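Labels for the chains are A, B and C, by order of writing; each one numbers its residues from 1.
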Amino acid sequence: MSGARPLDGFFFEDFEVGRTFRHAVPRTITEGDAALYIGLTGARQPVHCSLPLARAMGHRAMPLDDFLVFNVAFGKTVNDISYNAVANLGYAGVRFGVPAYAGDTLTCESEVIGAKANSSGKSGVVYVRSRALNQDGAEVLSWIRWVMVNARNAAGNIAQVPPLPATVVDVAAPSFLKPAALDAASTGGARLWEDYAPGEVIDHPGGMTLEEADHMSATRLYQNTARIHFDAFRAQGGPFGKRLIYGGHVISVCRALSHDGLENAFAVAAIHGGSHANPTFAGDTIYCRHVVLSRGEIAGRPDVALLRLRMLGAKNQALPALATPAPGEKNPAVVLDLDYSVLIPRRQKP
Amino acid sequence: MSGARPLDGFFFEDFEVGRTFRHAVPRTITEGDAALYIGLTGARQPVHCSLPLARAMGHRAMPLDDFLVFNVAFGKTVNDISYNAVANLGYAGVRFGVPAYAGDTLTCESEVIGAKANSSGKSGVVYVRSRALNQDGAEVLSWIRWVMVNARNAAGNIAQVPPLPATVVDVAAPSFLKPAALDAASTGGARLWEDYAPGEVIDHPGGMTLEEADHMSATRLYQNTARIHFDAFRAQGGPFGKRLIYGGHVISVCRALSHDGLENAFAVAAIHGGSHANPTFAGDTIYCRHVVLSRGEIAGRPDVALLRLRMLGAKNQALPALATPAPGEKNPAVVLDLDYSVLIPRRQKP
Amino acid sequence: MSGARPLDGFFFEDFEVGRTFRHAVPRTITEGDAALYIGLTGARQPVHCSLPLARAMGHRAMPLDDFLVFNVAFGKTVNDISYNAVANLGYAGVRFGVPAYAGDTLTCESEVIGAKANSSGKSGVVYVRSRALNQDGAEVLSWIRWVMVNARNAAGNIAQVPPLPATVVDVAAPSFLKPAALDAASTGGARLWEDYAPGEVIDHPGGMTLEEADHMSATRLYQNTARIHFDAFRAQGGPFGKRLIYGGHVISVCRALSHDGLENAFAVAAIHGGSHANPTFAGDTIYCRHVVLSRGEIAGRPDVALLRLRMLGAKNQALPALATPAPGEKNPAVVLDLDYSVLIPRRQKP
């Protein structure tokens, strides 16, 4: 129970497999949060910006940006799960459920599904499955992540690594959704599902330099309490000597930058896996490349389908000079490597 | 059609006279945007801050700040019109139409009304008339601007310069408006239309130092995608070696600073002309001087009238030491020179 | 009357005892302001974040954060009271009245209750009692503060120091309030009124480095016009050589940092006294310590009671190494010293 949280947070020893957490501070997300999200990221997906378009697509209101939801939900888990984390190692099985709208209230819960002590005994990897529910109990998001967490005293020798899904399967589109309403005049792009071919590389033209005030405002908005993002005095004695930018902010910035080139990819359906491959700091300029991995159909939906994409976030590096790293290959310029699927309209037969 | 936009944007050759654009990403402006606008500019015109006052003045809700509307509308045009711009050269014929309120959705369209190749052949000046419409199709704003745009290959020798209005004529006040409701206790100032004399100079006392995070947040809020405002890495190789602050943010800051001294100038009616006379960078401190140009009446309105004003934005320069530049004269401390008209109540005869 | 405000603001000579001010720019606070407040401070008290929880506690909507209200109300007074202030010296008798909700409109008024010229004759201390009222005329906040204000010419020899209350008495809890609804799963902490003992010291684990853009955005959001917070060019010639951070922002940050350890202290009831003990500048990292001063009951309320707390804001100083200063003792690392009372649920007998 969260009520038992120590003031200095939980450590590796506290994460016995099977332990559950109901995370504090339920959050009613408002139009104000949505506006600030645009201000901090430059997000432009029109379904999140235009009420008439959102309604034409079958929504009852403008849905909140998928990564605003992701970051708020993720933020709720930090105080319990990763307050004493050394690094956020990876994601798997991230599934976007019912859309969230301004006025919805998210609560989050987590279960420890694995733990593996490091050989040093000073830390270990904790695997958690988390869920965000709305005020009606419907699942808005569920995800697995694993983090390296410091031990309070000694990590012991536990080694329970859970199976991790390589792909989120059975991804659907909401039955109410009318993707045909997403017109090129609204999105700025005419390319639909059929127009993207596996192997295609898209180097998005924009770039975004990140400032301390920006990433801290974003991370505070998500009520993420990890000290490494906020406390420059303490960070002087840490591994980087300075504040680290929350990786979720980098994802949001990449998603926003990628609007030009993926104009009709109107929703994120799932994140199959991914990692923050290198740290990002204030002053870094972020660029985004996408590689089209595959196209997938959705049963019973002739109007909408899936693109599976690899999102690469690069820093301080002109994209034409960037060699796409092979899976698992390290490139110091690559800070984000995400394998995910988006919903995009199909061209309807007349 | 915007759907045909190339990933690297349009170049000078693409702007044939008569071409029209319907700009992407319609935007429902919310109370969140209005709050962020105050946070980024310090705007204090009370009709935008106080629901009871707005209603007493005849509005159905708090109208959105004129320059929030201007900047959002302008931002929509950037991805098509000025993505490859070298410089934003000037404005003319800017007319504020029906007020916009939180919940209204703006869409924008532009028509190329002129084009003139530079003698170098590497760029040219493009003249566009743009309009922002609300969800009912009513015109919220229309404006002409001209920008220098890079050629993709060669600019050719086109030289079609359109006639530009020197003055926006037939400016009206909304018929529902009750300007007498604007009391000095709400605005902080007692001076009305009769109290300003042509030639009067007002040096507003405040100053605002601009930060990278501030101007980028503002410009992202407007979904303005011009890379020069966001990408410090790329800007190293550009004309300034660093990011340039979006000129519309400077206008907003000057408007906010000028509240003390123009307390009752409750709405912008038109911008007759203007230019960003010098670049502004993070770290610059902005001050604002107004020169009263003339007073104008509005037919049939004994309760409200027009002040035509020259707004000068100066940087890093105490205003008492600033010589007001003659029209056309360059002064490196002057970054903004705007010729515009505001609505202000008249003193009613008892 | 505010209408008579000179462009360069009021000076010491203008503050005759008994003079009243109705401060300009009434403000309708919105959900947008509340979102931005979270983004700028990281505030996490769940009654301000969760509509279901707010309703379960008896509120008709999410109440606005107490220090958002405080800072907006305070901000209204600055243009009249402290535009030419040298320093904000202290607070007393700060009483939080009816809660404020998004959509409420605050207006503020002040009365000069004392004035004391400094022996130099160049400045003096002005004492004011201020009140913020909502649109129904109900008192949301009232407070006394005293500031050192420059004289325009000569401060004279006035010496009228008012009596200042050492304690705000007769603090109540709203009759509609159901504090038992505040569950540990929502707040993240299980400690209630009975669990805090006088003398207990809580060193909150988080820290927050303040940036220029952050404190300026917060202070602009409050429409506080004091130039020392915004104008780096002018500040070069001032006492610090740089911008000073508005003290109310430091209070907000400390309140946010203190959530871990005071999870159930859901509302601020009163501020008995306090001062900004040292200046705070951009780049400083703020930490927060609380010392429990006493516990107080509220007549007729077995469900909620008061903790009187001393809030210390420290900068650039690990808390374990900080010696709590004796009352009146100066410590250069301590920037904030506040004596205040919070509402916190009592443990109900089953």
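Here is the rule we go by: contacts are C-beta pairs under 8 Å (C-beta built on N, C-alpha and C of every residue); 3 or more make two chains touch, one makes a residue touch a chain.
These figures come from a predicted structure and were not determined experimentally.
Novice: Same or different interface residues for chain B and chain C, judged by whether over half of the residue numbers are used by both?
Specialist: At the contact between chain B and chain C, which are copies of one sequence, the residues are largely different (under half shared).
Novice: Go ahead and align chain A to its copy chain C using Cα positions, then give the rotation in degrees, nearest 5.
Specialist: That pair's rotation angle lands at 120 degrees.
Novice: Go ahead and note the Å separation of the Cα centroids belonging to chain B and chain C.
Specialist: That gives a centre separation of 36 Å.
Novice: By the touch rule stated above, which residues of chain C touch at least two different other chains?
Specialist: Within chain C, residues 30-33, 35-36, 40, 211-214, 217 contact more than one other chain.
Novice: Over in the complex, which chain C residues touch chain B? Could you list them?
Specialist: These residues of chain C touch chain B: 1-5, 7-9, 22-28, 30-33, 35-36, 40, 79, 103, 105, 135, 211-214, 216-218, 220-221, 223, 225, 227, 230-234, 243.
Novice: Which residues, counting only chain C, touch chain A once they are in their complex?
Specialist: Where chain C meets chain A, its residues are 30-36, 38-42, 44, 46, 49-53, 62, 184-190, 202, 204-209, 211-214, 217, 260-261, 263, 283, 285, 316, 318.
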